[in-house]
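Structure record follows, encoded as structure tokens.
Residue numbering begins at 1 within each chain, and the chains themselves are lettered A, B, C and D in the order written.
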Amino acid sequence: MIMDSENLGIEYESELHEECGVFGVYDFDGDDIAATIYYGLFALQHRGQESCGIAVSDTKGPKGKVISHKDMGLANEVFDEETIDRLKGNIGVGHVRYSTAGSSTRENAQPLVLNYAKGILALAHNGNLINAPKLREELSYTGAIFQTTIDSEVIAYYIARERLKTHSAEEAVANAMGIIEGACSLIVMSPRKLIGARDALGFKPLCIGRRGNTYMLSSETCAFDAVGAEFVRDVLPGEVVTITPDGIASNMTAHKDRCSRCIFEYIYFARPDSFIDGVSVYGSRIMAGRILAKEHPVDADLVVGVPESGNVAALGYSMESGIPYGIAFIKNSYVGRTFIKPKQSQRETSVRIKLNVLKEAVAGKRIVMIDDSIVRGTTSARIVKMLKDAGAAEVHVRISSPPFMHPCYFGTDVPSDDQLIAHDHTVEQIRGFIGADSLGYIPAKRLGELIEGGADYCDACFTGKYPIIPPDCDIRGEYEK
Amino acid sequence: MIMDSENLGIEYESELHEECGVFGVYDFDGDDIAATIYYGLFALQHRGQESCGIAVSDTKGPKGKVISHKDMGLANEVFDEETIDRLKGNIGVGHVRYSTAGSSTRENAQPLVLNYAKGILALAHNGNLINAPKLREELSYTGAIFQTTIDSEVIAYYIARERLKTHSAEEAVANAMGIIEGACSLIVMSPRKLIGARDALGFKPLCIGRRGNTYMLSSETCAFDAVGAEFVRDVLPGEVVTITPDGIASNMTAHKDRCSRCIFEYIYFARPDSFIDGVSVYGSRIMAGRILAKEHPVDADLVVGVPESGNVAALGYSMESGIPYGIAFIKNSYVGRTFIKPKQSQRETSVRIKLNVLKEAVAGKRIVMIDDSIVRGTTSARIVKMLKDAGAAEVHVRISSPPFMHPCYFGTDVPSDDQLIAHDHTVEQIRGFIGADSLGYIPAKRLGELIEGGADYCDACFTGKYPIIPPDCDIRGEYEK
Amino acid sequence: MIMDSENLGIEYESELHEECGVFGVYDFDGDDIAATIYYGLFALQHRGQESCGIAVSDTKGPKGKVISHKDMGLANEVFDEETIDRLKGNIGVGHVRYSTAGSSTRENAQPLVLNYAKGILALAHNGNLINAPKLREELSYTGAIFQTTIDSEVIAYYIARERLKTHSAEEAVANAMGIIEGACSLIVMSPRKLIGARDALGFKPLCIGRRGNTYMLSSETCAFDAVGAEFVRDVLPGEVVTITPDGIASNMTAHKDRCSRCIFEYIYFARPDSFIDGVSVYGSRIMAGRILAKEHPVDADLVVGVPESGNVAALGYSMESGIPYGIAFIKNSYVGRTFIKPKQSQRETSVRIKLNVLKEAVAGKRIVMIDDSIVRGTTSARIVKMLKDAGAAEVHVRISSPPFMHPCYFGTDVPSDDQLIAHDHTVEQIRGFIGADSLGYIPAKRLGELIEGGADYCDACFTGKYPIIPPDCDIRGEYEK
Amino acid sequence: MIMDSENLGIEYESELHEECGVFGVYDFDGDDIAATIYYGLFALQHRGQESCGIAVSDTKGPKGKVISHKDMGLANEVFDEETIDRLKGNIGVGHVRYSTAGSSTRENAQPLVLNYAKGILALAHNGNLINAPKLREELSYTGAIFQTTIDSEVIAYYIARERLKTHSAEEAVANAMGIIEGACSLIVMSPRKLIGARDALGFKPLCIGRRGNTYMLSSETCAFDAVGAEFVRDVLPGEVVTITPDGIASNMTAHKDRCSRCIFEYIYFARPDSFIDGVSVYGSRIMAGRILAKEHPVDADLVVGVPESGNVAALGYSMESGIPYGIAFIKNSYVGRTFIKPKQSQRETSVRIKLNVLKEAVAGKRIVMIDDSIVRGTTSARIVKMLKDAGAAEVHVRISSPPFMHPCYFGTDVPSDDQLIAHDHTVEQIRGFIGADSLGYIPAKRLGELIEGGADYCDACFTGKYPIIPPDCDIRGEYEK
């Protein structure tokens, strides 16, 4: 990701954010799963750094006792050994969250834990409902009150209401999934069941893992590697799976032929060591690099990636083009949440605080610099300048995605249109703005090659072709306190 | 309060706890009321030390924006200058809370802030509903979900539902107050109104204050003194008052002839510098001391109070009896929440860590020791022993309330019956247990004199005569997570 | 203490501060003394609230291993159970400290722990050396470096240097005590000995206690009560005591006939439940009240103390005069270090945040109000106004000390002369300033009666007659970083 | 660095630690350098993560006022905006520190700030004195006391004592540098001068930078890049430089022909974007990879580095051998200090929590895996196993240094001999232990090629040939409290 903020050096954070990661565990035998959830969340931390939480229960204990802990911060800040020890149970769900500034409050941290007519539930979800405002209004006119601004609360109300009409929690979840529209990969812990559900279009990933008699649900497979579990299979778009000691039951009622997997998971969000819906993220990035090399070849000495996310595509470009792969940047890995940002007066040097160029490696060289996207353009401009200041003879920028032009309504936090440089500038204008000698993107029509030829993906942020008609107004932040 | 725990010295806390204090402010002109609420809560801190919170809004700003902050701890621990500065608004409500161990979680901190069909509300209440379990069940079967275990959530649901049928928030509050049973002094902040309500029996206090164009609602008048406001009047039992720039509107529909003010507010909970329903708390404690002197006279050299709560009654005893008032105890005021408790092996000395006797004052003297109640008896025994060890010739214990024998269902946290020494011991047995030379209580039939002759009070903890029939089972802790 | 700051309500702290408390323990048998030191410091907390620390060693373990922990804050803030558990040992020393703002840094927290030629020492002291600047200069010209600005470091250097010439640590301490001038009650922990020393004039208290085979040294006897120890005797002025399993050795070489005990310890600093040099602090305050009643009788209805320090003297006044003792003030005990102070604009109400008047008790009454001192006068003025606002007919102020006019060089933090109202105002002028109907102080010549007729005390802050000629310039704050 | 601990996965930290980084700034014009020091320390954070500190002064203000702040933790944990703002000054020095467990206390954090006969000094140093125990003993027999266990205190004493005999602080520093033996890159801030010194053998780096009228001293040049400064020159071995507004004065008295630069700075400690003594660290690691390719060629499909430190050498190996460079590992970058370590029972999966293999990249491939060293061997074994589990056909390990066999006495924290696998195992035995198909190290005799042919380096940890005769016993940890 080229960090594109006006104050990039200052933030050195991407401005495209995945909004959540979910992880659930059900150990049929044991009673000590909180640490497993903690390590799972730790492996999914890249999906959300603002808040996190864990809720656990003991299916063998008194029904309906849930212990939970959630707060603002990273997993290793929110949890300590004492807290993990206190979270005794054999079934549980965890969550990591990123959110837009306004609603980033402790009240909104997940999992949501609630009592309803049939007992206690805990919910964690990833994705954005596009009909949430409408559903909230409908619910409120039947006497609902809302204590958070997260979609989980809407889903929870529908599960609670459907549960009054159905025979099981999983039926209630399936019915609720039929009411909501948009992206929703959901994990629900009921007193005796761990339920996973993915919306019919399957925007966001969800998969099943196993370690002995312990079953897991996770946003990404990399979390299974971290906790020593094996990947079992992906939850399918539209599927509701119910994990109990009797096995994994599947409800495929809502499953359809087509789906709309988020292509940006492969390009940027997911960890390269994950597999999503059968496709290696690493492999899709190598492919992105290869496509770039074929579409936008250039005579150069070195291919480099902007760390960390540009590195694998850079390797792909190098493989395809034969131009040697190199390391051009050193990233300072000690930036924490409390890092003091340089003031305006110190801005010129601020990007270097977090990223430095290896002069020795780039001086006199013609460089192909690979990044995954350009958002505002400012950060790209600074990094190109750093390379040139370090003596690079030429800098050819290659972006492992198409130009980013449209908002996402399904769970990615994107700046408004007028901040997206590609929204109203041509590629040549962008090239000029960032100071590159040439600039090339992946053509939108070739995105399918990243996931091995399939067409069942959502590329609306590049093409504007939304798989569900988006709401008229911006649905984000409407219920901010 | 004689601290009666087996591990008293260890806890040196009363075991009778008020469960809440509430404070609301509406400044028609300004926009900076958070500090006022903070100081108000600080003055009410004796009513609850476990969690506290403030929610504010700006009636001149965008409708329905509420900023809130709440957490576990004392007001001076939960709030700092930065937080108070961030809580910009001209209408707001604050809360301090004590609760039984299990449900003492951050989720349960008040005020409760919520969205419903008509916008945003914030609620803070003091008291305990005796039909809350029944109401929760009813609500849940119409699709309600519960994220806390506090009664405020039940009240909020009814306000939200009644609001759909009525023309104003205050009507909805009045209707909701008609549904609930038990003790409930409530402050509700709607986007443009500050509403106060007191249940029909008026268990818990609530009063109105004013400082220029700023109106306030408070559990006790001492908070008005702290913030430089004047006492206007008490909210009456069964009354709903609505404060707007147009004035104070009153709905007296639910007001009845009789009421059941908590007599223990006068004996122990409230600050002596407060006036409740027109009666000085100081005055009622002086009267308690006088009654004790008349009912249980004794030939002695010195009257002393167990600090702090026994001092005023001791003064009353001295006035009536002519026996000189003395100071016998020095209390260490540096005990904080993080104080390390002595271990079992160190127990013998533990009470002295927090309370020491002035040998010089008591040696050779016949002492009348006044305390407000005996709960378990253990602490009284230790304090009597400390006086005797210091050379007191005789120790005559006088208690400024009747024997404490029955649970409270209306907002006071009391140990279970079998821990109440008076539940199954005679006064003489208790005297023997605590090692006193004589022991006298206030007769229950004279309690009315504490509040100037009225009969409209609740003394069920002493007499077992509950003004509302209590539920069959213990209603506390039922919804614990 | 009448709180005399211009911003009194804001600070509500005395402006006369004791500067330290010390506590040492040697358990010949056990290995777990840190908790005892912690409770001892807790009992001495009134002597210093800015920083505290504990250093322990195990005389049976490897020689010279000292574990220490110190930080800014109260004992219950600086120590938690884990820290106390980590401080394993059978010999140790603790310290609580107040200091003037500038030098209130973590580096200056005590005990001072140091290596020198003969091993490790830990030191804690109370008092102020008047020749410290001169000694620092002399030391630095022989190559000393200073990492703190506390006198302990100077004392430590002399102990270290004398130790090279002597046969024992206690001899080195005795020699060092002969070099320093001023107030110094000192506890030194050497690897195998606990040493206590008091300067020849005995300004500050130090006493010996015992609990079985555990011996203790403490600034005040109240700490012995807290930990279940018995008072053995006072360390005498000029004495060095050395506690080892062989017993208590005493070196009286520096003991003289006269001494200069700080009279303000009796008037204000020490806890009333302590005995200093054989005199009850409670008793001396009762006596102060009696003297006031005889020197400044008045026709009145009620005698009240300004809490907490004025209460005992008020009792003495009541005893002598026959005017009834009353309670006029309620103090809010929840003010902590992080309490947010009212801003300038809120000042009018600020004093009431921490202190409120019992209107019921004072309305229409002629009041005698007892306090221990007047420093700037502003606070007294506010409190008198509060009483009058509450309806007091007359307010007669009586101060249980003479007018405070001169700086202290021996360990009390006093504002500069121009801030002391008595420095350049007559009693009548002060009376006018504070708005009292009459004002009376204890005559300086009667101070001896407080300590049962002795003449061996320092009253220089009242009389300007210093027992040691003070240095030309202000010696405080000179070595501030 | 192959993480070699028995509990590697658990720690995922190197077990070879640089012990410090230093940074000094003198701004002749401004008064706001604390932020610059903070960013400088941030760039040097890899040199020490346990504690850090900053001390500043204002050369235009009152002489001798130093403001400092230091504590345990990373720069972004120890400093916040308020603290940085409080550190006003135009001259200052900062420090980051790693230390062996026992002496990792707040007292030992640097810079050391002290008063001596001529005013105030602040010192920060990197390196280990081998005659510190002897010097401490000598000093203590002339009356010195030690409050820390760091070498800076010894150096400070000698500077203070020499200063009494000399005309300037820089002379005193030069004289002190003549007394100490071992590694010492030192920055001293005197009231009006910033002094840098490097021991005669120049073990540890120190260099000069400039930004306008602001001069800087730093352990590494990467810190200059971070703060927008230019590299001026290295401080030479044996040189003392004195920076004042008059320019940079140099004292070369102690400079010799030979020096002993730490070769491990190039191999592992320093950041690859730094230049040390004129040599690019990046370049020397590329060279290391090339040498490995020539010395230990192998028929393979992919060269990969163990992140982060193995990557550059892997690139060099790839360049020389023609075998493609690949990415095999994904590192989780969210591990913080408070990360909860897996318990024994979870150990098998623990390494994967922090490092995962890209199966897609390595399956079926013959891998050359480059790391900078093998310490215990356990971590290498685990990583090789991870590659094989992921399907690697062969794993050939190449280490960009010679076998690590001897302790370092000059500032690197190394496990004891018996924990160094190379100490008593042959290369073939180590290969077997780590499960590699082949294993190759850089021959010690070729190390000079890393720094462009020079012979002036210390490789004692590989060869046992110490440039100064080491002390008989282990000098570390001797003065632990």
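Note that in this section contacts are C-beta pairs under 8 Å (C-beta built on N, C-alpha and C of every residue); 3 or more make two chains touch, one makes a residue touch a chain.
Just so it is clear, the model here is predicted, and its values are computed rather than measured.
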item: Co-neighbours of chain D and chain A - touch as defined; value: none
item: Any chain in contact with chain C as well as chain D; value: none
item: Most distant chain from chain B, judged by the mean position of its C-alpha atoms; value: D
item: Centre-of-Cα separation between chain C and chain A, whole angstrom; value: 60
item: Gap in Å, rounded to a whole number, between the CA centres of chain B and chain A; value: 48
item: Distance from chain C to chain B - Cα centre to Cα centre, in angstrom; value: 36
item: For chain B, residues that touch 2 or more chains besides their own; value: none
item: Chain contact graph, described as a line, ring, star, complete graph or other shape; value: ring
item: Chains grouped in pairs wherever the two touch, ordered by label; value: A-B, A-D, B-C, C-D
item: In the complex with chain D, residue positions of chain C that touch it; value: 65-68, 106-107, 112-117, 120, 136-137, 140-147, 149, 153, 156-157, 160-161, 164, 479-481
item: Complex contact set, residues of chain B against chain C; value: 35, 38-39, 42-43, 45-46, 49, 74-77, 79-81, 84, 222, 225-228, 271-273, 280, 282-283, 308, 311-312, 315, 318-319, 324-327, 330, 332-336, 338-340, 342-343, 346, 348-349, 352-353, 356-361
